[in-house]
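Heads up, the next two complexes both have chain A, just with different partners, chain B and then chain C.
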Partner chain A sequence: MAKDLKEKDLKQVAYYPGCALEGTGHAYNRSTKAVGKALGLELVEVKDWNCCGAMEVKNIDPQVQTYLSARNLTKTEEMGFNVVMAPCNGCYHNLKKAEYDLAQNPQAVEANERISAKAGHHAYRPGGVETIHALDWLKRAVGEEELARRTAGKLKGMKVANYYGCMYTRPRHIFPEKDQGEGSESTYAPHFMDDLLASAGAENVDFPLKTACCGGAHAMSDADTSTQLVLNILTTAEACGAEVIATECPTCHTSLEIHQLRAEKLLGRKTNVKILYFTQLLGMALGLSQRKVGVAENMADPRAYLREKGLK
Partner chain B sequence: MDTVFPEILAEIDAGLEGRAELPSPDALLKRAEEILEAWLAARGEVPEAGEVEGFRLLALHRQGCKGTPSFNACRETCREIVFRRNVTLEYGEDTVTAHRLEAMVVKHLALFVGGKLEQTGLGEFCCSSRPLHAGVA
Partner chain C sequence: MPIHEKTLIRPENLVTNDELVIDGVDVSGHWSTFIKPRTITDYNEAMQEEIAALPGGENIHRCWQCGSCTNSCTMNAVNPEFNPRYWIYLIRQGLEEELLRDKDIIWQCVSCNKCTYACPRDVVPEAVMKATAHWLELKGHTSESPSSVFDRGFTDNVLKSGKIEEGHVLRIFFWRTGQPLAPPWLRDLIAGLVKKFPVFYLFNLLKTAVFRPKTRGWGKTGVAIEDYVRERHAEQAQALGLSGKGGH
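Here is the complex of A and B:
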């Protein structure tokens, strides 16, 4: 289904922000919408959306999690859309996984039909909606050439380590559109964020931990391990010459920001690399103000650095 | 945490901070294998001696994933260790950086696997919490 979609199909898509983008990831929500608007794209929020089940429900009952994600796909269909964009890696992963499970697992289908009937709505059938990430959306709806034209190299001189986290590409079998050769995303070496930011003039550094675990899932039960993992990501990015780590997931982003502060406070290890959503960077490259893309909401204040780079 | 982890982390930190020589590229690769051996041993498995794509580390990772899909979160970490080791050994240019990056990635593997070993005792609250699925936690 993915390869059948044309650019015009992505000019207006259903938008599933997910819970994190209404809380800790608010700046991602704000900047994603602002970038879309600046590029003439329209996001239509899924009506009456619910939590995708994230890790909490999945850990207790994976089939309930499949239902919760599938319900969002049902709601998308009810609005007449066949594409839903989910900017959070966890939501994106779960919606893709629901699509896969409902096509492959009769027990998941039975549970989805049973709970949907109880809830009084039709059960989602696989193939009705394609879930895409914000990276897919901008890459396919706009593309590097147009972004380069619109941004005029405003990120020039900015050295960026692109951090995708471990959920964007894993497990491979739920992302059938990836690893399809030229033009498709890679699960081994993802590059869509690199491509988009490079088109705006950024210099991407060779960063070996772009899909490494940030310890996000351990944040509550073993915060010290998370701090060590994040500190290693930050110091490795700095060793690669990065001034900025670009993120595309609210969980990863929050984890990097919180543990950057925690590493300094508890371990006395200060790192200077700035952490920004890729949509914040693209937004500023498109001429939007720091305020418009929610930079003040970032914990590790990057405003002075951005001003130095001419991004106001 | 298994005793091998503090030793590996201390060795790499000393190398990165300039207090000692970094282990050689192949020694770092061996350290990465020891990390996965510790993971397999903790699960009561005998680490296999075979190779995948010419590297035992990748075979150990494949073995370590069986029954634990969340362990795939370190798949690219293992591949990066192999890649950086190859770059360091094969190319003269910029090998100092590649060598340091290999060490940093091995450190990440140690932290990730060490964390997962600790979590196993708590019920592995990660992306696929098997003890909870199975109703044994």
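Here is the complex of A and C:
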């Protein structure tokens, strides 16, 4: 199913930012666009996109969530694109899941066709669009060698724990292109973010909670549990020697940030670890200013630390 | 890794008598520990079928009780009482009363999908947890959980506009759960952020709060989805033997 994409196909891709990147994940949106621009990659925003359903709509009705995600794939097709890049783990997961469900589940197909007909657009059929994550995009369109050349090891001396979260790798059946051996992403021990940041000179620490859960789905409705889960992630990252947790999902990022204060209260001391989107780190490694990648928007202020590391 | 087991003997059913003589034999102290007999006569034989009729519950019959779900569970690590394998067992046996003892924590599943990743039988335990939580609400065993309140507010916003505005979703959530203001820790956080004054960000948040994001040409689509949801919820209510109301 996964199409064999040539590098040149990824120089210009459809871009599906999703709701979070227009709100709390604004810095991720800014830094992703800035990194793309610096590397000569073009992002064309999907026209009239809608919410993918996130973690919530599926609990009202899973078929509606499939439809919502599939509508974005239809919109991508209508623009003449066959690749859409979604930097948010939730969006990425849901578009992938819609692709899988529409190929496997007759009930999902029926619901999608029915709602699409009433809404007045053609129903998405699987195989039309490939959904990729911002990590796939940078890894495949640019690659480590080129990044190493462009960044000249600017992240040297920075100890990073790469945090991938839940939605990027689980469940594995919706990601048929993963776990395909050499060069592909692993669902058990993902490494694309590690590879990209290492090529910019960062030192990746051995972090066992790469795919642990931050409790993001219940960040508000079950705040105590989320705080407990975030506390685990923060203290484990610290114990592994990390100075920075690199994130690739606005829900994880926001959840880590908003629960950091509470977690610190529970712990009785400050945690010594900064939380930054991997695109913010790569952007600064490419010579972009802190302002250009939206560092001031991060809640736990990392500016002094970054200056100390020579990133202006 | 151990398979997380759960004892079926409840501590309150263990009885030790300091002084006890049975048939002329003194069995005081340690030797007189008894388990009070417990007889179950009320099996809810419809329970598995009803949960399987709700979205996500479809594959519950496939479970062979290996325990991989509980073993990998994020919530089980936080609270050992959170035990998907055990709940699936109870549902399949029709042990409703036992299940109801845990009715207030089942909704806490964080949907991390570790269980779905680990399950060798494609039960999709994550979805079964959601279906079970949903069943408890529909049957009136529990009131609507905070998570369901959040899901409903979120979905309403999506169906109306095509996109969500996070601030709006949060306000609706705090309002509906009887917290007219955001919790103090969240307010402190926002105040801290405003002090740093990231112009773009604050401007952006203000903009989305005033001009709610909306997908162009959404109107018809939202109505089409609402129709579909209404129909499905009526079907589910019928499968659960609930007359008339659509559930949500």
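Convention: the second predicted complex is superposed on the first by the 305 of 312 C-alpha atoms of A that agree within 3 Å, B and C clash if a C-alpha of one lies under 4 Å from a C-alpha of the other, contacts with A are read in each partner's own complex, and residues count from 1 in each chain.
The criterion applied here is as follows: contacts are C-beta pairs under 8 Å (C-beta built on N, C-alpha and C of every residue); 3 or more make two chains touch, one makes a residue touch a chain.
Just so it is clear, the structure is predicted and the values come from calculations on it, not from any experiment.
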Following the overlay on chain A, give me a clash-or-fit verdict for chain B and chain C.
clash
Looking at the overlay, does A:Thr235 come into contact with chain B only (first), chain C only (second), both, or neither?
first
Can A:Glu177 be said to touch chain B (first), chain C (second), both, or neither?
neither
Name the contact category of A:Glu264: first (chain B only), second (chain C only), both, or neither.
neither
On the A-aligned overlay, A:Glu203 touches which partner chain: chain B = first, chain C = second, or both, or neither?
neither
Touched partner set for A:Ile60, first chain B, second chain C, both or neither
both
Figure out whether A:Ala119 sits in contact with chain B (first) or chain C (second), or with both, or with neither.
second
Indicate the residue numbers of chain A shared between its chain B interface and its chain C interface, in ascending order.
55, 58-60, 62, 166-167, 170-171, 212-213, 215, 217-218, 220-222, 225, 228-229
Touch list for chain B against partner chain A, complex
69, 72-77, 79-80, 83-84, 97, 100-101, 104-105, 107-108, 111-112, 114-115, 118-119, 122, 125-129, 132-133
Under the stated contact criterion, what part of chain C meets chain A in this complex?
55-56, 74-75, 78, 108, 110-114, 116-117, 124, 127, 130, 134, 145-152, 154-155, 158, 162-167, 170, 173, 183, 185-186, 188-189, 192-193, 196-198, 200-201, 204-205, 208, 213, 215-218, 220-221, 223-225, 227-229, 232-233, 248
Please give the residue numbers of chain A that touch chain B in the complex, ascending.
55, 58-60, 62, 166-167, 170-171, 188-189, 208-213, 215, 217-218, 220-222, 225-226, 228-229, 232-233, 235-236, 239-240
Help me check something: in the complex, which residues belonging to chain A touch chain C?
19-20, 22-24, 26-27, 30, 48-51, 53-64, 67-68, 71, 111, 114-115, 118-120, 166-167, 169-172, 187, 212-213, 215-218, 220-223, 225, 228-229, 258, 261-262, 294, 296-297, 299, 301
